[in-house]
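There are two complexes below, and they share chain A, which is joined by chain B in the first and by chain C in the second.
Let's look at the complex of A and B:
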């Protein structure tokens, strides 16, 4: 009797176990690839977040139209799981964790910007989930993250490019004034320029940072004015740069070369400033006039340009392009690995060497996209034109 | 010449700061409510002015009174419907309530107006007096700031409503016994606070790019200015604002802009220790 009972117990336990294993098997043989993305759809980075989402949606539509991504011998459709983290860094981290543990996504993309990339990349690293960033710079990639990859090229490439082009356009440029926002990316762009300019033999006559939330730049501008620089170089986000440009004009600060990182890459910058934006130069990671061809879902830069323009009425900037490129790299790495295994996909990402509408993508050891010719732009006649590299240049540089 | 220019920059900025702080100071002094909504009120005023100018072509100076009145109505309603229910509770309760209301207003603005910076492009040029450059739109902003704070000062001193507000501030119970409808006075005071914020927002839209993520910055400034100048008095806000503007301006010049804002907070801390009433505050409202 006792024996019989225990045998029955054993049998039901075995049955339960079998059922469980069957379920787990079903869960493992996923019928879709899930990619998780915390996005800044509200808050300070809402406009960048919206661009990121638009690019993702366009890619998603195209990839699922061809049946999805080839994983080994099967083709799996892609599902994008997104949340609004409201431009709140802490929330971005929590949502990255939720995406991994709760939504069980296979891979992640990082939100816009270095600060929030750093936070989500740390979470992804802890769980061993490959994460592709759309806008991240050196201070994020020097943390030893193994699972982080970024589609932008290193910021130092932007600096070298500008020094080259501007010194050619104005060989007698001697004095540079640098004003940078005390924040991850703008700060590194300011300090890299200070180093680069000194190395190139320029004298740095003003080099200061301003804190996040600065409402007035009159003092910095007055100080720069006394230093009479040939080149004014300011870093920050659109609202900061609009204010600086406005106050420069108010207080009569002028220089033959005025550079703002990364304001002029954005349409909003030109719209808000109007004529004050004229002749301001910048460097960007991507510009639509640099035509590339690739074997991704968009195929050509022109096709991507047309699609973004049709969908939003806006010309694409680097945020759109870099975001779409992030998903393309994930797709290519999954195809190369032939599995959804995270470690295998990570390895495939490290070995990736592809051509896309966005340009070539090949990751360095630190996960940044390997350096290439980055476009230097200038606002002329209310529109950004490309000054360099020579192959895609559309105008000559104008000095103030 | 630089020093003179820095001083002028500081005073012009300080007048704008005073404009930010005066409504906040009034509400805090009279109602003992730390109004977390104040920054969002300013931005709302700025956006309304921008939209009136951009879509309807209304001159910002003409839009200012209309925007200010709209904000007054909003402030009055919020106080009457919500804050009055808890206005006699400890300050943390009202702080939490206005904090919650602020989150709603802030996020509504971010969703409907987006965080894209917007600016009324007057670009009126600059005047150059003996080598000191004065941007005309900022001078106009300064003029409006002085005018508005002056007007509020006169209203507080000379009108029945103003005297009633002062009476409620001095002694709520005695004022009620004298026949003053205290809840109504509270709502009016909060409304005036919002009105001043809306007017400040209209002034700011002419000078600064307005974006929703500035709300916290405005609130922080208002807080520091009130502590420096002294709570609950119009002259206090004016003195505090100009003091902060000039200090930030010189600090930016002497020790670099990176630490200029810190110095404002250091001054606030020092004042809290040595003179908690602020530079010209009234004793009992520290």
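Let's look at the complex of A and C:
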């Protein structure tokens, strides 16, 4: 570590002196598997970045406790090389290149943000390095990249699930109001819902996007109020959703069903809103009450839950789980390929079909995880409960 | 930096330029990326220098021009325009945009102009972000990837960026020695007086503003082709719009070499602190900037240029900041 640090210092000094840094690059012996990860440790996505890092660290501890990953007839320990990309797209691309050329990592994981995933994936694609994303939706996978894989299931699965469950709980639901954040993932969740709701025979009485950084939703809320919807559906990140929920209460906007994507999946959302979070529904890619078993280092959902809780005092959400799953995916693919050759590991990833604590993982042609049965949750009594799928449901849906 | 004679300065610049240009042969792609970043910011800094340095108008619209360049370049490429033509188209569009905008916004002065120019970044970002049918809105846009392996892409982008930097430098030299440069400096010192002695201040300011946008447009378009994906948040980043003036101030505003010295130094410092002080790099960098602005208000080249150009009054320095 110290040696690495001093080499880095030396390297930067060389750089500052005149970009002669390349001369300091030392050859990397293949005595460990190196996985590179740009993380958003500061900036807008810092809280997600911290969760990602925590999950990575837990996985790393467990995998190295069993001696590492089996590569052919050798067992190699794993080294994670992480950097903070400061939630900055230019930095993310730069880091991906640094990790590949300078730190000589074998494989990459993508940062949390969708756009940043695309930027790093473009670099990885150029170098032919397999990269596993922890939070990527359909638009991230539309560039035909061969080396990009994502542990999340397609967003459309979330929409279909919610329509089924909510229409069963309230068969007379007719009018839906949709407010979405104009940003890759929240936007696709809004537009998919508009399409899905229309197909299901609902009338979309309000359908607008709000720009990134909106600090006041009063206009949107007032318009929605005059449309008197049965179902209010809002997408965004936690800070946006908390603001919308507060302003909805201030302005007296109510509906039998209120859905926020993906606020209630996060503990912070419930903690900040308190009673205002009650009965808000959401869908998520993963919830700790959906118990799975697998032959990964965690083994069961419960073991993962306990470990995250012990390490951070927080209940894990899909960010933790999906991040750990990304590394498990890489591990399984390396074991399957029996080599660190990137093309072979890529091929193993395309053929992967595994069961993990996170649920089944099997990639579609575009690299998304082809998983159905995504949990639909509701906040009841200050706790998230699972409404569907039936096999893991823990409560009945409550209407406002 | 000790005072260098003029030929020596050109020699130093040529050396720096050559050093950046040979990185693909002597160093890895990460270093090449740093060299690209240096060239890119040098071009942006040289651009800003026209309006912020020569004319002393504290413009914060760099990110607007850069982002527009990204989008025009990306959109034209997606509609079948060949690569280089798309870059030129972006350049033309952004320049025309700046010229048109300049006729309105350059009526503002001092702080009002600064705020107005920063608002432009926000407005353009919102327009691009809301115009989803054309720009993909918050989803961003995929840009056709440059063909070839990573080494080839890196060196291509590097030489294109270096080319833009060189053109921006030549433009700076020409402006510096022309009537336009003289006029802009007069405006910097006292706009009313300049107007009185027969300088067409409005025309000069618009020219300066348009020049400050021209290369930003090209850089944006090339950047878009390089990264392969753009979105409104990263293209119109406020950080970019603040960084570029800081670089110029660091090197010496209104000078010919200042922007290049400032951009190079800033990028390397940023790289150094970021690599070694992960947690504190922003704070350290901020501290250095504050220090430099306080103790070297006219930039690193201050000593060199004190005699060449008329010394600025303290009031002008504040305005330039």
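Everything that follows uses one rule, which is that the second predicted complex is superposed on the first by the 371 of 400 C-alpha atoms of A that agree within 3 Å, B and C clash if a C-alpha of one lies under 4 Å from a C-alpha of the other, contacts with A are read in each partner's own complex, and residues count from 1 in each chain.
Definition applied: a contact is a pair of C-beta atoms (placed from the backbone, for glycine too) under 8 Å apart; a residue touches a chain by one contact, two chains touch by 3 or more.
Computed from a prediction, not measured in an experiment: that's the story for all the values here.
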>> Quick one: is A:42 in contact with chain B, with chain C, with both, or with neither? Answer first, second, both or neither.
In response: both
>> Between chain B and chain C, whom does A:209 touch in the aligned arrangement: first, second, both, or neither?
In response: both
>> After the superposition on A, what does A:139 contact: first (chain B), second (chain C), both or neither?
In response: second
> Which partner does A:88 reach: the first (chain B), the second (chain C), both, or neither?
Replying inline: second
> Of the two partner chains, chain B (first) and chain C (second), which one does A:219 touch, if any: first, second, both, or neither?
Replying inline: first
> Now for A:51: first (chain B), second (chain C), both, or neither, which partner does it touch?
Replying inline: neither
> Any idea whether chain B or chain C touches more of chain A?
Replying inline: C
> Now for A:182: first (chain B), second (chain C), both, or neither, which partner does it touch?
Replying inline: both
> Given the touch rule stated above, what does A:250 touch, chain B (first), chain C (second), both, or neither?
Replying inline: first
>> Need the overlap of the two footprints on chain A, from chain B and from chain C, as residue ranges.
In response: 42, 86, 182, 209, 211
>> Which residues of chain A touch chain C once you look at their complex with the stated criterion?
In response: 8-9, 11-13, 15-16, 18-23, 25, 41-42, 83-84, 86, 88-90, 93-94, 97-98, 100-102, 115, 118-119, 122-123, 125-127, 139, 142-143, 181-184, 186-188, 209, 211-212
>> Could you list, by residue number, the parts of chain A that touch chain B in their complex?
In response: 42-47, 86-87, 179, 182, 208-211, 213-220, 222-223, 226, 238-239, 242-243, 246-247, 249-252, 268, 272, 274, 276
> What residues of chain C sit close enough to touch chain A in their complex?
Replying inline: 19-20, 23, 26-31, 33-35, 37, 126, 129-130, 132, 137-140, 142, 145, 149-150, 153, 227-229, 231-234, 237, 239, 268-269, 271-272, 275-276, 278, 282
> Can you name the residues of chain B that touch chain A in the complex?
Replying inline: 2, 5-6, 9, 12-13, 107, 110-111, 114-119, 121, 123, 126, 128, 133, 135, 137-138, 208-209, 211-214, 216-217, 220-221, 248-250, 252-253, 256-258, 260-262
